[in-house]
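Note that the chains take the letters A, B and C in the order they are written out, and that residue 1 is the start of every chain.
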Amino acid sequence: MIPAPSPGQGDDKIISVRNLRFTYEGGVVAITDLSIDIRKGDYVALVGGNGSGKTTFAKNLNGLLRPSSGIVTIRGRDAARTAVPELAKIVGYAFQNPDYQLFCATVEEEVRFGPLNLGYSEDDIRRKVERALDAMNLQHLRDKPPLSLRLGERRRVSIASVIAMDPDIFILDEPTTGLDTEESDMLMQKLQNLNVEGKTIILITHDMRLVSEHAKRVVVMSVGRIILDSDPRGAFSDLEILRRSNLEPPAVTKLAHALKDKGIPADVISPQELVFHLLRGGESR
Amino acid sequence: MKALELKDVRFKYRGSDNWALDSVSLVVEKGEFITVLGCNGSGKSTICLLANGLVPHAIQGDFEGSVEIFEKPVMGRTVAEIATKVGIVFQEPESQLFCMSVEEEVAFGPENLAVPRHEIRERVEWALELVGMKGYNDRSPFSLSGGQKQRVAIAASLSMHPDMLVLDEPAYALDPIGRHDLYSVLRELKGKHGMTVILAERDAEEAAAFSDRIVIMNKGKVVDVGPPRDTLRNPDKLKRMGIQPPQLSEVASLLNARLSTSKYSFLTVDEAESTITREIIGRGGVVRK
Amino acid sequence: MTGFVDLYTEGNTFLHRVDPRVKITAVILLSILAFVLSSLEALAVLLAFIMVLVVLSRTPLAKTAFSFKFVFRLMLLIVILWPLFDRSGEPVIASFGPLVLTEPALLRGVTSATRIGCLATVWYILMFTTQQRDIVRALVKLGIRFDFGLTLAISLRFFPTFSATIGSIMDAQRARGLEFGKGGPLKRTRNYVAVLIPAIVSAMRTADGLSWALQSRAYGARLDRTYLRDFKMKWSDYLALAAVVLVLVLPLTAKYVFGMEL
């Protein structure tokens, strides 16, 4: 097993999970045995089919759920012994469905709600809200009622309301479901910016295209455990692993696999790349 | 026979400022599998709702033009009446299953149509088998996964023996495997049963392979109609309309550009593999290890 | 979550097999009996009889305990509160300043508690042994309008969905630093609003979708609707019904015809 984390040393390890197990009240074991370390500034894609335990894992990181056994350490603190609002300052979590949280009369109020709860000073709150509105490109919508906005915009409001709490870690639960390519690309760009600023990103998704384009590291979950932890390309070179976790590789990856014995690398993830490999021989001759 | 005919249809939802559909004309023939492709807000759902009469009967707004379902105008018919001809599956699995067991869910339609009991039993078993949910009769819909819910919703429509099935982004909330299983059902509906299908989708990666025609929508207008090979030929054009082009179309289009031809177009991985093996790798296009 | 409303446990006991209409009738008749009986002894016998039926239903102990917890709490509350309002009679058992506890009042409290116990637990026999859909179907067969039955069925069906939604909404707000049960009245009100509004929005969306789904499945297309599920009274069902009627009629006869103090 991985050695237990030692506090103090290796402080770039912002999340450390050891032998996490989580059982719901009805007896469903959603996380069987999960250990992982995540470094500050990492961009992790957490993938797996519906019901594989991604959301349950995320809720164990921000204290909404407490481990049945095992230890979750966030920035050196035992998550099980830290109050949810305290954790919320470190771990921000944007729910899959933005409509589960939007209730204010304006976007601005919605974004203020988090930092207000956390008891920051008025000046502080104002600064954080402005930054969050900027980060999600919402300035022009700040006086609009959130419920009147399109889905893509509502998602951005919900993420902005997390940014405003100024956490170091962002967990986003399937943030692009239902969005158009354009909206989804814009959102991913904004997340990329946060990552460049040094924030740690955990992106829960089953869109393998997003994974291939944005993540630095892919963690594949299946029935409550991690079955693969690698760089994005590694995740695509093993179709069996993806199938086992109810995921489908992008069509080009499938095509590349079909052409594997013709000399095409199996970890191709974009059409451009595939065509490059296909025509490379022809060009060089 | 025409399954659906829209003539110059315009529709504006009550309380909205712009036309959700603007001068849309479209004919769907019986037995056709049509995929309506477009980004969010392009008007796909409105087309679906027109195809079973919910627009304009149950959903209010300004309506112009004419809609005929199986060559009879929708005006003067109720949604319940049209339901015997057209089944519909909505985007959200959550609100379209309202019974306490899967079996009741599938029986609900035929019961309303006063189908005799023994025949309802047969229809329920037939429909559940078709969607791969045999044996789930007594399960509560609440306990099913999203993909299973959508397949039950399909069965609940099929048990009314409709002549046309309309599906509004049925894979919206599903994971890739749920999506895959759902598409297997659709493929079978087309292949084995020759069902007339209208499928609204935001990307055509799977549907391209077995759609007879694709209708591309943008801002409430139909901008292109035709076989997948024609309508999906130009990935850049699709992107400009906010539609994620199928990756195989992108591969084909890149090959066409680089090889100065226009002959490539791939709808399935198998097709792409064999063509590429034969025509590109066969000619030494790839560095061998 | 689901367990909260769905008390049904699969089984094949006599109570499971008997026609739901007979069970509903039985529950109603036993409830009437609980109202009519006035002596503690008679009510205690009735409660014991109900308990025997519960045991015969072979419902897992955990589920029984879970369901009865509320009933016993309620009974206890009645026993404690009754003498506070009812201070008549002699002899006085105890008194604390203005509060007096008299023997008749205590007796009346215990009697009422037992009656409430009967009224509450008798329904569990039905819930433990009958699927919700069969209860609804039986109600419709007994003459309740189909729309009412459907409304009831939909409410039961969506209860778990809706409670899951509320749970998610509360989680979503807690993740934004909201602490339920903390702060002054103003803050608490605001906390409720933060849950209530998303819940209403979600319920309204569901209701919209629901009405479309109902229409597009030909709801209301014909008046002579058929039903897949049906019950037929077997001889054993008639027998059970007869037994139930006797259980009501015998004590009533004893009480009103022969003047026994029951």
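Simple rule for what comes next: a contact is a pair of C-beta atoms (placed from the backbone, for glycine too) under 8 Å apart; a residue touches a chain by one contact, two chains touch by 3 or more.
Just so we're clear, the structure is a prediction, and the values are computed from it rather than from any experiment.
Peer 1: If every step must land on a chain the current one touches, say how few steps get you from chain A to chain B.
Peer 2: The fewest steps needed to get from chain A to chain B is 1.
Peer 1: So which has more C-beta pairs touching, B-C or A-C?
Peer 2: Between the two chain pairs, B-C has more contacting C-beta pairs.
Peer 1: Roughly how many whole angstrom separate the Cα centroids of chain A and chain B?
Peer 2: 30
Peer 1: So how far apart, in whole Å, are chain B and chain C when each is placed at the average of its C-alpha atoms?
Peer 2: Computed from C-alpha means, the inter-chain centre distance equals 44 Å.
Peer 1: Residues of chain C touching 2+ other chains?
Peer 2: Only 2, 205 qualify.
Peer 1: Which stretch or stretches of chain A touch chain B in the complex?
Peer 2: The touching residues are 49-51, 150-152, 177-183, 206, 208, 246-248, 250-252, 254-255, 258-259, 262-264, 271-272, 274-275, 277-282, 284-285.
Peer 1: With touch defined as at the start, can you tell me which chain C residues reach chain B in the complex?
Peer 2: 2, 6, 131-133, 136, 153-154, 156-158, 160-161, 205-222, 224-230
Peer 1: Can you tell me which positions in chain A touch chain C when the two form their complex?
Peer 2: Residues of chain A touching chain C: 25-26, 59, 62, 64, 84-85, 88-89, 92-93, 95, 97, 99-103, 113-115, 117-118, 147, 161-162, 165.
Peer 1: Which positions of chain C touch chain A when the two form their complex?
Peer 2: Per the stated touch rule, the residues are 1-3, 165, 168-169, 171-179, 193-194, 196-198, 201-202, 205.
Peer 1: Please name which positions on chain B make contact with chain A in the complex.
Peer 2: 39-41, 145-147, 172-180, 202, 205, 239, 242-244, 246-248, 250-251, 254-255, 258-259, 269-270, 272-273, 276-277, 280-281, 283-289
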